[in-house]
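First the structure, then my questions, so here it is.
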């Protein structure tokens, strides 16, 4: 074993590998930061470069791009409310209000620290517990998935904003939007009305950009005064005390990320929102979430970066890719003549160790290049709004087009932009809509798959995992609703005593 | 409206071509970047193959070749766009069994004609589908499975409605009269774990995605769906050679090939065909195909055109037999 | 801030909530009785209710209707809680003409790239938006309005390998 690790070290420590990780992370951060260009796209772009590289170098390049991309998405989410990647949508809930208060630097740094810590913990669990928790990936059949998604949906209660009923309506509308397209089981049309572009469903990157970034642009032109005066030379930093108080949140978020990452298909977005919901639930001042609470940024970034290392667990241990990115990485392994899975641990253990060492190092590289990126990207906040917003709009259009090279998606982005603006005006939170839209297909698919596998309804109660999630779903919904109702009553009481 | 706009763009670009003299002459083809449209998202089997081909092609032609992903509507969206692309040889299409075999039989209102709208260039490679069960499954052979499936309900997983994995299962079901329920997933990546955990009983997966699990022993291969045995799985019988009358001549496989929009200059097609020959006979491509259990095909553009016609008619038969259609 | 003023604010806010809830309720009814039957094709072979493609849309629409009803009752009978937005900045004095201009520019982004190409469209809209936003310096207008779209275009086309539509400049590149 030690011998293998030593050989792994030897294999890893080459200039090429160090360069590959650094270049990968930097490319990932840049591409991830641009709305519409996702971590997945960045990894696919880097793939051809790995054809002629040594296996370890090639894989590390891709892993670097992936990790950089996951963090990069948060930069524009915080600065201009345009999430670079879907998972960063949660980060903007508190990151953007912080930027509006002139604390963009603080939000960005917290996002980076939370990302790096979560990434590191995620890598540790990959290395030490891979074989232990890989089994989790197979323990989740359709019914278990169904309950996991039900539990995730209860987070909608926490992110509903000022009105619970409106938040729930928003979430339901998101779920409803996710049903557009060809039906999974029968292949029949749902709400496509023979429009060919809708057959594959509403693509979620244009929806995401439209829903969050565009309303800010529209609002700027309709309001009387610019919504926030720019604080130049933003010197806000994360204090040690803030980091310390967020540490529990970060660690909890990381573990949520690791668990969600290990289960194939659940994804970073769900992890980010779950972690955020948990942070708000356990917070002493939940009402400050959504208005610029630094812990909110820490929670969501920890959640989504916690996924990054863990998605490699089912890939390396079982040969199952958990998402599109790991599918590309699987492809890269196969191109190199390596097959991830139990056999690789027997035959190519030194390569695995070399990759592990590189992955551990990638957290450190992420910290360094993230710092650098923040320094330059943070200047975006110094650009006057009337110049910045037209450019933001341009990125929204280019980015939406880039997803499928289609003008139709630009239309989708604009349509959801208008919807987002209306929602903003009637005080309806947009985050539940996104949550519903992303979890909708998982919810419905697994519900229907369970029915296909067994005609008996008892399949939904077949395992301890089902029961665990049933219990925490009910608890979470009950506690969440009770808390929101209490908060509303408290507000009413305050109002009454104020006017009396 | 749509047509008008396209004609307008065509007219404008034709004028522009005359004005700027950028006409693609077959002799000096290629002079600018070539794009291969892939109707699936980045990272899938088709995408990875396309990137491999693009990489090889750019070395042979000494011109940048890029991959453009246009996913959606079960590959039909990207295919439609490729069909409408300008036939100048700078937009190519990564065709596969779905776009040029199954979809025309399954979808009622398809927006492209797989034969009229395309000029086939080269059949690149094909992969067998393999009938796999979980290692703990009681069935050791396809016969045993079939016996059981006649008396009790079985579930078969697939990567989605209208995929070759789904239709291989439907074909098996329709031929043998087995009682099988289709459980669709979104991609093989989601379906294989369900097979590994025993949530679905059987799957007619593409060999590359099942291969690692067959090698590690987690899945048991019962049969391959091609007429010949696979090189990588020499001891696994074909469905055809089994002693089951209903399964004689059972043939279902996935294939990939490069096509150009119809109207592309013959000389350009010939240039591309030669270049692709060089790509697919290279050592790196052979290694690529080997690792995924694929066989390299090749042949002339005419061979490919004939192959597509035969695929279209055979999938049509399957779809009619199985009664699968999509509105 | 006098009591009467906050009273009218509260009344206005309450009326707004009632209108919103009533409209949502109406929309969910229209959806359930018109849009779903027209938009969802249900095959005849559906074995279980939850397997039907129309099952979830109906459940969700019912949910929307239910919550809209709750919201309506709450708005009518419970005391109104002012949202944060109501106290915020007012609209621009000429907001109507600005909305029209904005809609026009967004439509340009949707309709023109196929003909003019994405970079040129982006330049036009960016310059126009900056001018509407109050920028008067020609150097900034033209420098940013032309330079940034070109740079971003080059990044998309050559680094990210996304060929944006070029319209009539297609053969020029």
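So that you can tell them apart, the chains are marked A, B and C in the order they are listed, and the count of residues begins at 1 in each.
In the analysis below, a contact is a pair of C-beta atoms (placed from the backbone, for glycine too) under 8 Å apart; a residue touches a chain by one contact, two chains touch by 3 or more.
Since the structure is predicted, the reported quantities are computational estimates derived from the model, not experimental observations.
When chain centres are taken as C-alpha averages, the shortest distance to the whole-protein C-alpha average belongs to A. Among the other chains, B has the CA centre that is most remote from the centre of subunit A.
Rounded to whole angstrom, the centroid-to-centroid distance between subunit A and subunit B, based on C-alpha atoms, equals 32 Å. Chain geometry summary: the mean Cα position of subunit B and that of subunit C are 38 Å apart. Centre to centre, using the average C-alpha position, subunit A and subunit C are separated by 23 Å. Among the residues of subunit C, those touching two or more other chains are numbered 41, 114, 161-163. Annotation for subunit B: residues 68, 327 touch two or more other chains.
Annotation for subunit A: residues 41, 185-186, 188-189, 405, 452 touch two or more other chains.
Chain contact summary for the complex, subunit B toward subunit C: residues 5, 8-9, 12-13, 16-17, 20, 22, 32, 35, 66-68, 327.
Within the complex, the subunit B residues that touch subunit A are 41-45, 47-48, 51-52, 54-55, 68-74, 76-77, 80-81, 106, 109, 111, 155, 160-162, 181-187, 189-190, 192-194, 196-197, 199-200, 208, 211-213, 215-216, 218, 284, 287-288, 291-292, 324, 326-327.
Listed in rising order, the residues of subunit A touching subunit B in the complex are 40-41, 43-44, 47-48, 51, 137-142, 181-182, 184-189, 194, 196-197, 199-201, 203, 264-265, 314, 318-321, 324-325, 327-328, 331, 334-335, 337, 339-343, 404-406, 441, 445, 449, 452-453. Residues 41, 114-115, 161-163, 167-173 of subunit C touch subunit B in their complex. Residues of subunit C that touch subunit A in their complex: 3, 6, 16, 20, 24, 35, 38-43, 46-48, 50-51, 53, 56-57, 60-61, 63-64, 67-68, 70-71, 74, 78-79, 81, 83-85, 89-93, 95, 98-99, 101-102, 106, 109-110, 113-114, 118, 122, 125-126, 129-130, 132-135, 140, 144-145, 148-149, 152-153, 156, 160-165.
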